[in-house]
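Some structures to go through are shown next.
Each of the two complexes below includes subunit A, the first together with subunit B, the second together with subunit C.
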Partner chain A sequence: MLPEYTVKAAYLTKFVPFIEWPDAVFASAAAPVTICIVGEDPFGATLDTAAAVAAGGRKLAVRRIPEANAETGTDCQIVYVSDSQAGYDAVDALRDKPVITVTESTMRARGIINFLTLDNHVRFDIDEAAAEKNGVHISSKLLSLAHSVTRRSDGP
Partner chain B sequence: MALGGMLLAMASMPARAQDSSDLQKLSIEQLGDAEVTGVARRPEPLNKAPAAVYVITAEDIRRSGTGSLPEVLRLAPNLEVAKINGYAYTVSARGFNSSGSANKLLVLIDGRSVYSPLLSTVFWENVDVPLADIARIEVVTGPGGTLYGANAVNGVINIITKNAADTQGGLADARVAVTSGAYRTLLRYGLTPWDGGAVRFYGQASRNGGSPPSTAADLSRTGWARYDGGFRFDQILGADSFNFEGDLYDNHDPQQNLEMGRGGNLNAHWNHGFDSGSSLATQLTYDQSTRIVPGQREQLESYDLQAQHNTSLGWGDSFSWGGEYRRFKEAYYSAQGFFLDPTSTISLGSVFGQDEIPLLPDLKLTLGLKLEDNSYSGLDVMPNVRLAWETSDSGLLWAAISRAARTPSKVDRELEAPGLLNPSPNFASEYLTAYEAGYRGEPLPRLSFSASLFYNVYGDLRSVQPAPVTTYPVTLVNGIRADTYGAEVWAKYAVNDWWRLTAGVNWLHRDLFMDPGYTDFSNGQTGGQDPASQAQLRSYMNLFGNWELDTSLRYVGLVTQEIPDAGQVALVPSYFETDVRLGWRVTGSTEIAFNALNLLHDRHLEAASTSSVPAQYVGRSFIMYLRQSF
Partner chain C sequence: MMQVLKNRDLPIIAALTAALLLLLAGIAMARFEDQLYATQQTRDVAEQAQILAASVTAAVSFGDRQAAQEYVDALKVNPDLRGAGVYDAKGKLVAKFSRGNALPASLDGTHLRAPGAVSRGDALTVTAPVAMAGRSIGAVTLIAITEPAQRRIARYAGLVLLVTMGALVIGVLAFSQAALARRAGQLFEVNSRLQTEMAERQKTEEALRQSHKMEAVGQLSGGIAHDFNNLIMIAKSNLRMLQKKSAQGGSQTGQYVVSADEALDRAAHLTQRILAFSRRQPLTPQPVRLSELVAGMAELIRHSAGEGVKIHTDLKARWWTLCDVNQMENVILNLAINARDAMPEGGSLTIETHDVALKKPPPDVAEFVPGDYVSLVVRDSGEGMSEEVRQRALDPFFTTKPQGKGTGLGLSMTFGYVRQSNGYLVIDSAPGKGTRVTIFMPRHPEDES
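Our next item is the complex of A and B:
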């Protein structure tokens, strides 16, 4: 048995190799993929440890943004928000940006990736349609691991 | 019947990492197997339990094109499924499959046992679940006595329904057979009344017109209609999760306008995760059912309380222990008599403990024991020992020795017909000692593979002892021994992004022997009706434009009955059958599909008639299916 957020922290870093952002979001070829935590931080040091030992591709950087504003997260590649109104406002503000928003919501306000815990296991849903709209490509491998996927061609 | 799964306690192989840097060594797939403590629902099977486990996923069910729970079970290559008539099925594993002998498989729906202690079998016509609500079905073959208790002899089927948070909004589906008009339809709605809570409600109606008889003497009509409805509520409160669910059903024969049964159940689970990482799972169940055959009425009412604590004894092990108390009242009324006292009240108590001990980083030993005592037939002892070795390529080699028991039913002990059949108050439990070994792994990147071998030694199986000289009255006694062995092999292969294949095959060999001094007047009914081999191949294709083309081919070998000390009698010819499904996901919320089931033959038989249940034909059918979510 593992702490839930240790597993979620591992997921956050392990998603990265399966996601392709537009080149323009990185300042240089050496620029890291930045994972931002908006609002309450449930991970603590576990996320930093996970990011430090993550292998392959670009390096990972972790940034914490306790107070969200309109520009919050636009320079991050992955933005995790906790289950809070401020968090969902941030998700809304990022809706048309090439940013993977990550939520853990049972409500409608979900990010591109939404964690859920089913039967003691951490699962995630992916809104592929929303990601593609902003030019972020999610590999079919990651989609195949998702609990459910909102496909590009699906939806009203 | 211990809470949770057999696997659970013995499972946690793959992702038992201690901290986040260990987690980094796991692949993203393995992360999905990690058990977390945040919201402790019951611990549950992981992919790598040291047992033969086949998991039927929700996606497999959707794409099977089938319309009932026993039909869905055909997806598991380690099960035998035989359709007897318009509504009745028998399901078994590793042999003993017939309406008179399918008494060695335990079936649980969210932890609620649907095994009938009155007649020692599962009446599948009373057991239904909206197929769209099923999260997965875990089919474990081999004894599960240590965790599940009595009657988990040859296997356990765990049907696990979706969390209500996972079925939000509305869903309506309908499945109609083009030629016969048989249908099944579901309406479901889920909502979130407050934060952390979710609930769903469903109603279902289904009807079919029965099956063609296989003999002129069979005048039975087996049309079936069922209405059912229910709910499931889930709530998370910090370290606690709570779930409460219930169902009501009514079965009748629409052609003859006869009531065939009704029932309902309420089932509550409460799980608490402690800061220490241990968890406590409790379950409280009330179940009530009435099954009616013209002239006979069977009633069962049961209360069940279970608790299981998952913790560690402190040497890197995982320890589970718990107990159960169950009380059931059963009654069988019939015009023909049958029982001197039609009612029985039985209480049952059990305790178990099981420890999973890491001997080496990649080698785990599991030791478990259950003691179960019931007021009807006394004490049963069900231990198991398992060894699991994780190979360097993350495969798992495992071996197990376990013991399980099938407890006497009211039929075994009390059934009587003056002059013909004496009651048998000393009828004892049937026992199995099982020796198993297996491998499961991913030998190639897109290929997963599992193989299990078993050697089962049964004792005290039921036989029918004739009276000296006069033959009648006969008596049910524990007079047969059996040795069976066999293998179950399956594989899943993803050819590419849009095409995957699954294949499975199993073999079974049986030998039955009379104990000294016994003869069997039933001619081997105990041995069941089983094929020596079965095989299936399934293909799932995602085509362009959200079209899906799914095909399956299954083979069931010659079904024979094994006569003790004598050999086999052939009963049902072998058959091949194929199903084809063409589905189109019109939008994210609309799906239509066309299914052709049992396409190869006009009709085939899957079982042989017994004295009380005539076998009827299974025919070809064409099905239109529509699903709309809103």
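Our next item is the complex of A and C:
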């Protein structure tokens, strides 16, 4: 496993406290925030470890699923897709859902959060406009760390 | 001890106490302000630390040094901050800026868990944990300069100066107030002493006047006793003659009764003169024409002047004057007798009256009121007086007549009466040139003739 995926695994869990989903996406107040991996899993146990120690109100759950459509995908709050057709389909299917899709800059598909590597550092772009459109609020603190942000049109 | 303090010391003590209280209040206020400032600053810095801690949560969470540094650099605009640092969950320094004050390279667990503030010297170090969802993921540290003691002192110097000046002013006022009170007390003492002395002096003067009067009565007794004796002798010898003639069965006894009667009248007049001298005789002024009065007294004047004196009258006055008839008669008789005494070898006596409008004061008259007057002039061709005698002629008991012949009261009584009637008396005389006495009596205000 590449070291950058350790960082990305940690990032996936660390995004959670800075993202607000609509209450409706959770089955109950105690329901965990679910991170789903569609297709090939590059993280392995690292993600489970990071999820276990992650700080935040809700607990984190990690699920690995072969594919995600508009119905099954909405059980997840964060969906990391692998570089595959199933992954691209998932991104398309969840485009209008309150789900944070995460992609890599090397992929053809673009999720709401897009990892990229710059000067050997893992960075990320955020499509705030798309997230807001789906009722997901991303904290400005997180936005301030992003490499680039696609701002929502009605905002500052 | 309090009894030793005098009343006038109380204001000073009160003022000094007030000044001291003012000073203490000023110091207390300065200290309070100082503490308030320190508390306020600690709170301000703590707030900034919390704002920084809240801002850098994401940066700390993701270990983004660059983002954390941007937040830290933003604090440089505050000149009071000497340094700022952001630490991660392990207490390691992630981002910092420093203006000479060394930031700790790492923090221990306590700082990561709870906020804290340490003031050391002129630096205030405040730490605040970076928390995310109730868990600490790091900490921030701010170092702020507290105002140096000298600058604080300088800040309060103005206040202290004002308070000191206020205290000084109060002190000076109280001191001068006390001095004034002391001065007033002294003045009061001096004044009461002066009043006592004045009262004593008044008593002394009264006693002196009394003794003068007694002396006068003593001097008077010679002349009056002589006059009285003569009058009593006349009355007595006439009564004896009357007794003798009655025993012989003589019928012409009327002249003795008349003579005795006259002598007793004169004795009564003498008493009246003494009363006039004492000025206790009430005056009953009435409108009188001096010309008519003199004309009516012609016989009396002739008797008074004696046989060797020729009498001329020139009575031109027509205005009325207001005076007591008896007194005025007495005055005229007195002047006539004085004229006779001045002419033992005989001579002429002239009595004139005139209406005069006086515009300037007659000689030797001090308090003069211009206006219409009726003048009465009695002039003799006698021996006259020296200037020295003339000047003393109006003094009571001054006389040039031998002892027993005069009392020295005639002219002074006349003068007293004339002054009482708001008139003037002028003596004009020189040795060998005779004497002229002029009396000016004010014209009766209701005179319309």
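Going forward, the second predicted complex is superposed on the first by the 142 of 156 C-alpha atoms of A that agree within 3 Å, B and C clash if a C-alpha of one lies under 4 Å from a C-alpha of the other, contacts with A are read in each partner's own complex, and residues count from 1 in each chain.
The rule is simple: contacts are C-beta pairs under 8 Å (C-beta built on N, C-alpha and C of every residue); 3 or more make two chains touch, one makes a residue touch a chain.
A quick note: this is a predicted structure, and the numbers were derived from the prediction, not measured.
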Partners on subunit A (subunit B, subunit C) - clash or fit: clash
First (subunit B), second (subunit C), both or neither touched by A:Lys14: both
Touching partner for A:Gly57 - first (subunit B), second (subunit C), both, neither: second
Subunit B versus subunit C as contact partner of A:Thr6, first or second or both or neither: first
Per-residue touch tally on subunit A - higher for subunit B or for subunit C: B
First, second, both or neither for A:Arg151, with subunit B first and subunit C second: first
Stretch of subunit C, among 79-87, 331-339 or 403-411, that runs into subunit B once the two complexes are superposed: 79-87
Residues of subunit A contacting subunit B in one complex and subunit C in the other: 11, 14, 18, 55, 142, 144-145
Residue ranges of subunit B in contact with subunit A within the complex: 12, 15, 17, 19-21, 23-24, 26, 28-29, 31-44, 135, 160, 163, 165-166, 168, 192, 195-196, 198, 277-279, 310, 497, 546, 585, 587-589
Residue ranges of subunit A touching subunit C (in the complex, touch as defined): 11, 14, 17-18, 55-57, 139, 141-142, 144-145
Touching residues on subunit C, where the partner in the complex is subunit A: 55, 57-59, 61-62, 64, 67, 70, 132-135, 137
Subunit B partner contacts - residues on subunit A that touch it in the complex: 1-7, 9-11, 13-15, 18, 46-47, 49-50, 53-55, 106-107, 116-123, 140, 142, 144-145, 150-151, 153-156
